[in-house]
Amino acid sequence: MIQLFHVTKTYPPKSQALTDVHLEIGKGEFVFLAGPSGAGKTTLLKLLFREEEPTEGRILIDGKNITRLNSRGIARLRREIGLVFQEFKLLPRLSALENVALAAEVVGMPRRESQTKAYQLLREIGLRDRYDAKPLTLSGGEQQRVAIARALVNDPLIVLADEPTGNLDAEAADETMRLFLKIRENGTTILIASHDLELIKRYGSRVIALRQGRVADDLHRVQQEGSVG
Amino acid sequence: MSLFVFGAFMLLQENLQHFLTGLGDQIRINAYLEKGLGTSDVQSLGVRIKTFPEVERARHISQEQAWLDFSAALGAQSSLLDGLPRDALPSSFEILLKPAYRDGPVVEDLANRLKKEKGITAVEYPQEWIDRLSLVVLAVQWTKWFLGGVLFMAAFFIAGSTVKLAILARKDEIEIMQLVGASEELIQAPFVLEGMIQGIAAGAVSVVGLWSLFRFLDRQVASSVGLFGASAQLQFLDLKSIALLLAIGWLLGAAGSLFALRRFVRTWKS
Amino acid sequence: MSLFVFGAFMLLQENLQHFLTGLGDQIRINAYLEKGLGTSDVQSLGVRIKTFPEVERARHISQEQAWLDFSAALGAQSSLLDGLPRDALPSSFEILLKPAYRDGPVVEDLANRLKKEKGITAVEYPQEWIDRLSLVVLAVQWTKWFLGGVLFMAAFFIAGSTVKLAILARKDEIEIMQLVGASEELIQAPFVLEGMIQGIAAGAVSVVGLWSLFRFLDRQVASSVGLFGASAQLQFLDLKSIALLLAIGWLLGAAGSLFALRRFVRTWKS
Amino acid sequence: MIQLFHVTKTYPPKSQALTDVHLEIGKGEFVFLAGPSGAGKTTLLKLLFREEEPTEGRILIDGKNITRLNSRGIARLRREIGLVFQEFKLLPRLSALENVALAAEVVGMPRRESQTKAYQLLREIGLRDRYDAKPLTLSGGEQQRVAIARALVNDPLIVLADEPTGNLDAEAADETMRLFLKIRENGTTILIASHDLELIKRYGSRVIALRQGRVADDLHRVQQEGSVG
C-alpha cells in the first residue's frame, strides 16, 4: 500500500528532517508514528500527500510512484487520502457541517448526500449540537473533531492524521480512536502521528518510532497484527 | 470602477473627435471664378468640382453674396467699399473637404488642380488655419494618448488590486481546496465566474454613471448658448461602445481573475 | 501610482490653462482714430488708453500699416484695393486685454468707454470670437473637472486598496502586537511611517515619470512646427506644484494608513 | 490576585460557555484548569486577558476591575500577562528568537537585552539549535515551545497557558513544566488549561475542573499548596 525506499528529506538550506527512511505499510494497517518533537513525523506525512517532495528516494502508494506527479495527479492522489492536520485548517466562513460536506462535494458527491454523510459523522464524533457553528466559535477540541470528520467523509483508502487527539480530553480521544478503528474495517490504512504514549499503548497495532529523522524502532504487536501488504 | 475610468476616457474621446470634426468643417477652399461666366457654366463647373474625391460639398457664392459677406466682415469700415462697384468681387465656390483630406499638402495639391480648371481664376485656402488645425489635432491626439495611457494604467492597477484583494481574502479557501484534492478547474471556477460577473456589473454601473454624468454636463452646456452650432453638441457613447465596454468588463474580469489566481498559486509557498 | 495619476492631471491642467491664455491673447479691441490726428495726440491717447485697468497693452497701427495688413488679409483679391487711396483706412490702436477681463460684458463696457474718448471714432471687437472663447473656456473647464473627478476617484481608490493590501498582509502582526500588550501608538507607528515614506516615494516617482513623459511629448510637439507661438510651448509643473505633489503624497500616505488601520482594527472580529 | 464573581459568559446568540463561575486564585499559585473539550477552559482564559468581556459578573485582577477597560488599559493589562495560545500565534516573518524578543521590546526593553533574554529562554526550553528558524519551518512542538518562551520573556505577574503541552512529547512537556515551576518561584501566578491527566497528576498543586461551563471541582493538593492571597 505505502512503500518508502531510502527516503531522505532535507529542507533548504540544511535541515535534515528525514534520513534514509525505509518503510512498508500494508493495506488496512493501523500504524502509530511516534517520536519526540522535531523527529520528522509531520514531514513524513507531508511526503505522503505530496505537500513536500522527497530530496532522495522513492515513495510508492498503491504501487504508483508519487514523486513524479503534476498538479492533476496530486489532486487525484489527495482524493484517496483523508487528512487531519495539526492546525485543523477549517474554512472560517463555512459551518462545521459545510466544512465536512465540502470535502465530499469536491470529489463529486451530490450536495444532499454529502450533507447527510457529514451530519452523521459529526454526530458519531460527538458534535451533534454544534454542527451548525462556525469554526471560530468552536473550542479547540471541537475544531479538531470537525477536521477528523472531514478526513473520513470520503471513505478514503488512507487516513493520515497529525496529532489528532492533541486537543482532546481522554474521553473524546477514545471516541475518535473508535471511529478510526471502525473505518479501518473497510480496509482503510490509518497512519497517526502522536506522542500520546497512553493512547499508543491502548490502540497501536504497530508503532513506528522516529528519532532525529531515522526509524528507531518498528514494533508489530502480534495480537493486533494487520495484514502486511 | 476601473471600467468607469475607461468609459470616461471613451466618452471624452468621442467628444473630442466630434469637436475636431467641427473645427475641420471650417477648412474651406475658395475657388474664384472668371467674371461673366454664364449660369449653366457655373452649374457644370459645380458638378465638375464635386467629382473630385476630396470634395465633400461645394457651394456657389454669387457676386452679390460675396459683396454682402465682405462688407459684413469689414464691420465698421464697410464705408470703405462705398466707392467700389457692386460687382467688384468675383463669384466663387466655397468647397468643403472630406475629413480625411483636411491636411496641408493634400489641400495644396487640390488647390493646384482646381486652378487648372477652366473658369477658375484663383484658388484661396486658409494656409495658416490648416496648419493650426493640424497642430491642434496633434495636441489633442497626444493629450488623448497621454490621458488614455494614464487612465489605462490606473484602470489596470485598480482591476489588479481588486482581484488581489479577493484572492488574498480567500487564500485559505484555495489552500484547503487543494488539500482535499479539488481539481484546478473546480478551484478556479468560482473566481473566474465572480470575475466575469463583477466585470459586467462594473461595466453596467459605469455606463449608467457615465450616462447620468453626461446628462448633467449636457444640460450645463446647453444652458450656455451653443455658438459652435452642431459641434458644441455633446455626444454620448453609441451602442457599439457600450457593448464594447461590457465585453471588456467581462473579459477583463475573467482573464484578470484567472491570471492573478495562477500566478498566486504558483508563488504559493514563498 | 495614485500620485502619478494626480500629477498627470496637474500637468494637463497647467497646459490647458496655458493654452487658454494663448487663445485669450487673440482677443483684441481695435479703436479707430480720427483722420489727421497729430503724432503727439496719438501718443497721449496711447498713454491714456493704457491707464484703463483692463488694458494690458496697446499698439498703435498707422494708416500705412493698416493698409498693408488689410491687403495681406484680402490675399488673392487685394487687386480690389488698387483703386483706393493709400490712406483710405484709418490708423488705430490694437488693445490687448488682461486675462481677467476677457469676458463679453466687460469688453462691451470698455468699448463704450473708449468710444467716448476724444480722437476715437469707432471701436471694434470680435464679438463672436469672444463668445466662442468663453464657450471653449467653459468646455475646457468642464472637461477638466470631469477628468479631474474621474482621476481623483481613481487615485483615491488606488491609494485605498494599496493600504488595504498592506494591512491585510500584516493582519496577524497587528493582532499579535495587540495580544502582547503593545500600545496603539506602537502598533500604528510603522504603518503610518511606511505610509509616509511610500507616499513621498510615490510622489517622487510620479514627478520623475511625468518629467520624462513630458520631455518625450515636448520633443514630439517641437518637431511639428510651433505655429501657435508661445502658446504651443508645453509647460512642465513648477516647483510649487512638485512640492505640493510630494506633500500630498506624504499626507495621503500617513492619513490613509492611519484611517484604514483604525477602521480595520475596529471591525476586527466581524 | 485573580478574583471572579459570578461570572457568566454567553456567546451570541445563545451558546453559554460559562455559568456563574466564582473563583479566587492567589499570588504564586500553580493552577490547572481541567475539563472535557468544550467545557469553557479557553473562554475563561480569554476573559482574563480581556479578549472577551463577561456577559455578567465581575473580574478583578490585583484588585482592579478589568471589565471596564479602554484599549489603553487593555494593553497595560496584557503587559503583565504571559500568554500561550492553543494556536501559538507566531509571526511567520520573524525568526523564533525575534518572535520572543518582540514581546519584550513592546514593553520597552532595549533590543540587545531582549535578544539575550530570548535566547536564554529558548535554550532552556530545548530550542538552542533552531532559534534562528522561521516558525513555518519549525515542527508543531517547536512552535509551541517558542510560544511558551514568548509568554515568559517579560517575567509576567500571571501566565495563562492554553494546552501548552498538546503538541509536546512527554520529555518536552516535563521541561516546560519545570520552566513554569521556576518562574513561579518569583511569585508568578500560573494558570494552565489542559486535559493531560498524567501531567495534572504530576504537577498540579490545585486543579479546577470545569464541566459544561460550571466549576465542578476545586481541588487543593495539600503537599504542594501555594500561599493563597
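As written, the chain order gives the labels A, B, C and D, with residue 1 at the start of each chain.
By definition in this document, a residue touches a chain if its C-beta (ideal position, glycine included) is under 8 Å from a C-beta of that chain, and two chains touch if they have at least 3 such contacts.
Predicted, not measured: the structure shown is a model, and the values here were computed from it.
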| item | value |
| --- | --- |
| Chain located farthest away, centre of chain D as origin (C-alpha) | B |
| Distance from the mean Cα position of chain D to that of chain C, given in whole angstrom | 66 |
| Separation of chain B from chain D, taking each centre as the mean of its C-alpha atoms, in whole Å | 70 |
| Topology of the chain contact graph, where touching chains are joined (line, ring, star, complete, other) | ring |
| Pairwise chain contacts under the document criterion | A-B, A-D, B-C, C-D |
| Complex interface listing, chain A residues touching chain B | 49, 51, 71-72, 74-81, 83, 89-93, 102-103, 106-107, 150 |
| Residues of chain B defined as touching chain A within the complex | 172-173, 175-184, 186 |
| Residues of chain A defined as touching chain D within the complex | 11, 15, 35-38, 41-43, 86-87, 130, 133, 137, 139-142, 145, 162-163, 166-172, 195, 197-198 |
| Residue ranges of chain C in contact with chain B within the complex | 1, 4-5, 8, 12, 19, 32, 75-77, 80, 83-84, 88-90, 122-124, 128, 131-132, 134-135, 138-139, 142-143, 146-147, 150-151, 153-155, 157-158, 161-162, 164-165, 168-169, 213, 217, 220-221, 224-228, 232 |
